[in-house]
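Consider the two complexes below, in which subunit A is the common component and subunit B and subunit C are the respective partners.
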Partner chain A sequence: MPGADKETELSERIEAFLSELKRCGSGAGSLRGSAETARETTSLLRRITAQARWSNAGDLMEIIRKEGRRMTAGQPSETTVGNMVRRVLKIIREEYARSRGSTEEADQQESLHKLLTSGGSSEDNFRQHFTHLKANVIEAINELLTELEGTTDNISMQALEHIHSNEVIMTIGRSRTVEAFLKDAARKRKFHVIVAECAPFCQGHEMATSLSKEDIETTVIPDAAIFAVMSRVNKVIIGTQTVLANGGLRAVNGTHTLALAAKHHSTPLIVCAPMFKLSPQFPNEEDTFHKFVSPHEVLPFTEGEILSKVNAHCPVFDYVPPELITLFISNIGGNAPSYIYRLMSELYHPEDHEL
Partner chain B sequence: MADSDGRQVDGVNHATGKIYRLKLFFNNEGKELTKEEKQRLRKEKKQHKKNKKDDKGPPEKEKEKEKASVPAPSKPATQSPAHKAAPAPVHASESAAAAEKPAKSKAELRAERRARQDSERTSKHGKKEGGQQSASSKPKATPNELQPVVKRLPEHVQVDDPAALKKLAKKLERQQVRQIHSHVPLRSDYGYKVSLFSHLHQYSRKSPPTLQISIPATVIHPSIVRLGLQYSQGIIAGSNARSVALLHTFKQVIQDYSTPPNEELSRDLVNKLSPYISFLSQCRPLSASMGNAIKYIKKEISNIPSQCKEEEAKGKLQACIDSYINEKIILASEAISKYAIEKISDGDVILVYGCSSLVNHILCKAFEKQRKFRVIVVDSRPRLEGREALRRLVKKGIRCTYVLISALSYILPEVSKVFLGAHALLANGYVMSRVGTSQIALVAKAYNVPVLVCCETYKFCERVQTDSFVSNELDDPDDLIVTRNGKSHLENWQTVKSLGLLNLVYDVTPPDFVDLVITDLGMIPCTSVPVVLRVKNVDQ
Partner chain C sequence: MAGKAGKQSRPRKAEKDEEEQPLQAVLVADSFNRRFFPISKDQPRALLPLANVSMIDYTLEFLTSTGVQETFVFCCWMSSKIKEHLQKSKWCRPTSPNVVHVITSDLYRSLGDVLRDVDAKALVRSDFLLVYGDVVSNIDVSQALQEHKQRRKMEKNVSVMTMIFKESPPGHKTRCEDDDIIVAMDGKSKRILHYQRAQALKKLHFPMNIFHSGSDEFEIRFDLLDCHISICSPQVAELFTDNFDYQTKNDFVRGLLVNEEILGNQIHMHVTRDGYGARVSNLLMYDTVSSDMIRRWIYPITPEANFADQEGQSCTHSRHNVYREPGVSLGHGSQMEENVLIGRNTVIGANCTISNTVIGANCVIGDNVTLDRAYIWNRVHIANDVKVKQSVICDNVEVKHGVVLNEQCVLAYNVVVGPDITLQEGTVLSMHHPDEEDDEDEDEFLSDDDVGYSKDKTKQKGSCSSYFIMLFQNEVHGTLQRGLDENISCDNLVLEINSLKYAYNISLKEVMQILIRVVLEFPFQQQGAQISTAQYSSHLLPLLKKWAPVFKNYVKRPQDQMDCLASMEEVFLERETHWAALVKVLMSVYQLEILEEEGIMRWFKQSSTTGKSQQLRRNQGLLKFIQWLEEAEESSEGDE
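The block that comes next holds the complex of A and B.
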């Protein structure tokens, strides 16, 4: 039966995507950028919407939530997957509300006023059937995909507003967003870039070679020299893996030290992060926040005799509190860290924060 | 006219009015005056001045000391009436002061000079007398004299100045034995230097400094050549190790030294050491501890009395060096360990950075004293010295954890104390140490973890510095290249025009990050370093 084929094909695709996620996460950072992951997740969700069997919005949301939980369980540290799932859920809710004809509520958040005036539980369980819901949802997901494709360009377009000539800019590790940002600014302005190599994966080396190919004066420094050279730096521009709900960052290890050094010298810290990296998580779960990879990167097996008597740690991420950040540059413009919670309410529905 | 002890001091040629001062600086044997004899001469002249001030007045003794010829001897006659007023205050002040206060005599002289300048037009000599008077009274100067120090900027921070480079090249050429034309080679820089650091040298480990030395290099002692190579290849690293190796090599040099005829051991040996020191600084810039050690040796050598026989002098010098090593390094580390162990309590989690021989010694001693603690060793590329520290501590049986410096924010919440070693302590309270130390202190401060720096007093130096740029050392940039998964991105960094690699060796930590400095004199705050320096100078 064609339907069954479609279903098996669909589940195959989902399985393939899951295994891809699991494999990527164990290597040095991500072998694919977050943008790619976001795009793939969204196309997969579109396919699910198109091919899965559902009759009303509630069913669809159930299916997506189930698949979403599986996907995030595959690689918990890759938060863009969960973010995209939440975005799609929000799209479904909106389309449903539009189809029903009810005006969208301006404020989705729980407020005391709403509790008092709503009188009882919220009306719909999304059980009504609308014929055009599927088409609308798929169209909306397509819009989301186009937005995703344009994020890097949107961010790079703002580069000239933030970089003046003869500046010294410091960055750490490798971020494709920051790379595009700096390359765009380099077309019109001349400046220097100092890249901290970010041991043990040393992704800063790739970043430096790619920047220097565009004729940007680049210098590679070891992580230990971050504070030593910070006094001559005008701006620090970094990318991040996730933007947390309080405005803090989960970024590559070494970023917290960089942020502290920048604060000490009163150097502005600018984070270039597209909106799909914004995640409704808070940083308070100590055990689940960190991700570790093999300590072989830090203390190789050639050090044989002492290995058994020593604990070696190799964390991948760092938490940067929002007080150390000056500005977020995203595809919708520049924002202060104190505004992040507001942006989050526009992107995700509060009931979707827990998948 | 002869002086009291029979030397020809000056002969006055009444015909031309010029005073011969040619014989002034030669004693009976015709050799140059040694430092003691010059000092004695000056003291005698002062005595002379005191005795004769009533009869002849200041102008005559000033004339005796003048280096340039002065006009006719008839001048004293004309000057003395003019100076009748001046000598009077001179007498009064001189009789009033028990010991000659240099400040007062300078002021008196200035008054005399002004009066003299009014009567005659030889104003140029005035400054010289003032200088000579203060020079003669220097031995009696009290420590609270704030003498302006005019320092010459060291060569190794003037790489971008072509004039300074030329001077260095000339100096190295000059340091050659007269007969054999071999000299200390000038090492050339390697690779593209980041513009902020173009004033510093950047050498490559692959081109050793001995490439241009001819064989036999009789200017440079072979053990010095070996030491220089060990420095430049990084075989001997760490400020204590380098100083000790230097002192042992100097002992060897002194052992092999023989005074040439007609030379004084005290002066000739110092001259012999200069090309060695230039060679070593070409191999690797001298550290503050090495600088202090060299100063000490030179002082000891020049204080050898001339009557001392050669063997005796050599033995004395070797004993001096041994006692220096023993006191300043070995005993100092024992004293520091004693103080530091008081600061380690049971259940502590101690963070150390890199490999500091002193900190390792402290931890081993504390472990022997049955303190229960565990250690976290933080390491950084490209030197990865922490692994050496890790090996030593694990061998002792101490429980250790090992992380790289980028994981510092992760590991710091567990830490209760941070122990850091130092390369030098600067006079404004800044701590100069391995690059990365300031970062550790910064993050520890953010987490409110106490930072303790352990440093012997012989590493204290008079320099002041506020950032890590002006005076630093650039290591071989190729060290930053790493091969991961078979790929190394920076392999051809030299071919890319706009790419530079920066491998700093040292950085300075501001004193507000450091809570305590443990030295062999006790536990002091960072800001008390100039006090210790002052006390040391008075002692010496």
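The block that comes next holds the complex of A and C.
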């Protein structure tokens, strides 16, 4: 039966994706970047929409929510998966509302005015069946995919406005977004880049090699020298793994040090992050915030005797509070950290914050 | 169950085909030794929980994540439990990328038997991974596999196996002392030139010919931990079939290295620095690997990853490596200090101190309990004021209040330990009677961990036809005759008898009985049935002395001695006239240390069924001998 085949094929893909998530990365950098994860999640969700059995929007949302919960449980620190699931849920809601013909409410958030004037419950169960809903949703997801592909370019296009000639720019570790950003600016301007190596994974080294191939003058410094060198730096540009709901960051470890040093010297800290990294999580979730990997990088296994007497930890991420950040550059332009809440409300529906 | 035809022993087909073959693995889910007795009497070792997940799940996860697409799991002891577990697990779901076939047989006695079966069933088509069911690892073998394939392509099929080792200094806690090895290798090609078990030896000998192998970079390494993961070519299975006395991997490696000039096969190695691989071969290793797992050395295989996809098993990871599954309830004032994993729905009382511990699901722990390096499995009840240090407590155990378990204690399944008892270090409590072992136990198991000797256990195979026994007996007689004529050494005699054993499919117990019979009847065969007792003894005793090592090889346990004496009794019961010789035989056998006092005494005291054997026991000479024996026993005990 073709239907059953499709279903098993679908579950096979979901399983394969889940195991990739669980096994991915024994190091700070996931073996695949966040952009690829986002793209794969979205294509998987599109496939679910196309192949799963559902008759109305409510069913589809249930299915997607269920799969989404499984995927986020697989690797809680990989937030792009959850973000994409929420985006798709929002897309479904919008398409449903459009099909029903109700006026698109630009403001989904609760406002006093809405509370007064709405009258009865505005809850619709999403149970109505529309024949074109599937096609519309899939089209909207395709648009989302196109948007995802263009994020890095969109961010890089803004580089010339922020980087001027003969500036000294500092960055930490390796971020593909920042790399593209700097390379784009290097086409027209001459500037220096100082890269902090970001122990213990030392991804700064790869970043420096890659930048120097484009004839950008690069210097690599150890993390301990960040404060010492900061007085000579004009701007700090960093990437991040996640942007949290309060405007804070979950970035590679060492970023907090960098941010504090920048604040002390009043150096602007610019974060280049595409919109799919924005997550409705707050930083007080103790258990899912962090990712600890094998302590091998910190204290090698060959140390022998000491290992049984000492606890070694190797955390991957750092929290940077929003007060230390000057500007967010994303594919929709530059924003202050205090504006993040607004951007979130445009991307996600409040009921989807908890999957 | 796969019995795919088309064994590809030589790459006659285009090499492209070989590269496209899915990677296969052979998982031996039985360790062929008794290290985990009495725990593994109730549950096979592969299903024992390590950090609340069965050990075989770790091995399968390792294989799947390294790209294996087809796994053959071989089980012997309690195979039905293993099969059931696997069928319920995520590995047997239709969506699993790794197809698992379970093959069970009661006849496997060693790794060699398993590989011979693999060869006989033609299961593997190209290079395969060989692992045991208790290997925990996160090594990515693709690089080692690449090197292996490259080597085989460069020199056609000379390299037979690649062993994977991990660098770790001597004395490291993850190194199992029994498994310590010294390896001499060629630094450039990574070929193993000499391989030896260290076994706490103070002096080691290396044959000089290994240094003449034409390379100029040699390394002698003692900093290697054997991960028990090997990449084997299909030739390995064939080699095991050809040499049926290869039983363990150690035999194989040594045999190959010794016969290198003749057969030209080589073994290479791959040393990994970053991955983790260890085998849980005894309880100390269980402790070490558990604590490595909790401290996240085996990332991405960690407790909260729930890679086995079990319902309700997901736990949260908090600081100081504290893992809690859902439903855990912690009393007031209790501290989970560091490196703790607590299973679901466990209730912990007030003012407990827990550190470096793994607790299973549905446990109830009382107040004021101190747990340090304890491994507690499911549904355990621990009452108040208990102290547990570095011990293993299995399922369904009840520990009443005031009990103190010192280091290295083991409480096996369903045990109840009474109030206010302190157990000494190294106490093992089990519901199984220790003597039960001897009776229930069947054939010999041969494994690398039984250093030096192999345990002989005999089993009655009812369906042996007496025709074969007659043939066997004649053959043994012929062998011994030739041994006498050509002055063959006892080792060779043992080898011949062993090969006859396999040829005629005789059980070990019967071999011994027939051997005794043949030897005792030897003089009669030589000189006719009418010789006098004196002539008989004078002919027989030197033969006994000469073949004493052969006997000692077969008579080891008390049970064997009983069987030997029973067989002797049988022979002499047929020849009443020669009962006087029995005494001399017993004396000589006792002095040659083939049999021991206790054995003979036990046999003598056994109440006999037939009138004849009762009469035998009343024989004067025999009574005198027994009396002398008792006095000798007393005097020897008096000396102590």
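Note that in this section the second predicted complex is superposed on the first by the 338 of 355 C-alpha atoms of A that agree within 3 Å, B and C clash if a C-alpha of one lies under 4 Å from a C-alpha of the other, contacts with A are read in each partner's own complex, and residues count from 1 in each chain.
Note that a residue touches a chain if its C-beta (ideal position, glycine included) is under 8 Å from a C-beta of that chain, and two chains touch if they have at least 3 such contacts.
What you see is a predicted model, and the numbers here were worked out from it, not measured in a lab.
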item: Clash or fit, subunit B versus subunit C on superposed subunit A; value: fit
item: First, second, both or neither for A:55, with subunit B first and subunit C second; value: neither
item: First, second, both or neither for A:319, with subunit B first and subunit C second; value: first
item: Touching partner for A:125 - first (subunit B), second (subunit C), both, neither; value: neither
item: Partner chain in contact with A:338 - subunit B first, subunit C second, else both or neither; value: neither
item: Touched partner set for A:23, first subunit B, second subunit C, both or neither; value: second
item: Residues of subunit A touched, compared between subunit B and subunit C (which is higher); value: B
item: Touched partner set for A:205, first subunit B, second subunit C, both or neither; value: first
item: First (subunit B), second (subunit C), both or neither touched by A:257; value: first
item: Partner chain in contact with A:142 - subunit B first, subunit C second, else both or neither; value: neither
item: Touched partner set for A:311, first subunit B, second subunit C, both or neither; value: both
item: Per-pair minimum CA distance [subunit C against subunit B, superposed on A] in Å; value: 7
item: Common interface residues of subunit A - those touching subunit B in one complex and subunit C in the other; value: 290, 303, 311-314
item: Touching residues (chain side subunit A, partner subunit B) in the complex; value: 28, 197-202, 205-206, 208-209, 212-213, 215-229, 231-232, 253-254, 256-257, 260-261, 264, 290, 298-299, 303, 306, 309-315, 318-319
item: Residues of subunit A defined as touching subunit C within the complex; value: 8, 11-12, 15-16, 19, 22-26, 73, 286-288, 290, 292-296, 301-305, 307-308, 311-314
item: Touching residues on subunit B, where the partner in the complex is subunit A; value: 194, 196, 380-382, 387, 390-391, 394, 399-411, 434-436, 438-439, 442-443, 446, 467-469, 480, 482, 484-485, 488-490, 493, 496-504, 507-508
item: Subunit C residues within the subunit A interface of the complex; value: 64-65, 93-97, 138, 166-174, 223, 273-274, 276, 291, 295-300, 305-307, 314, 316-321, 338-339
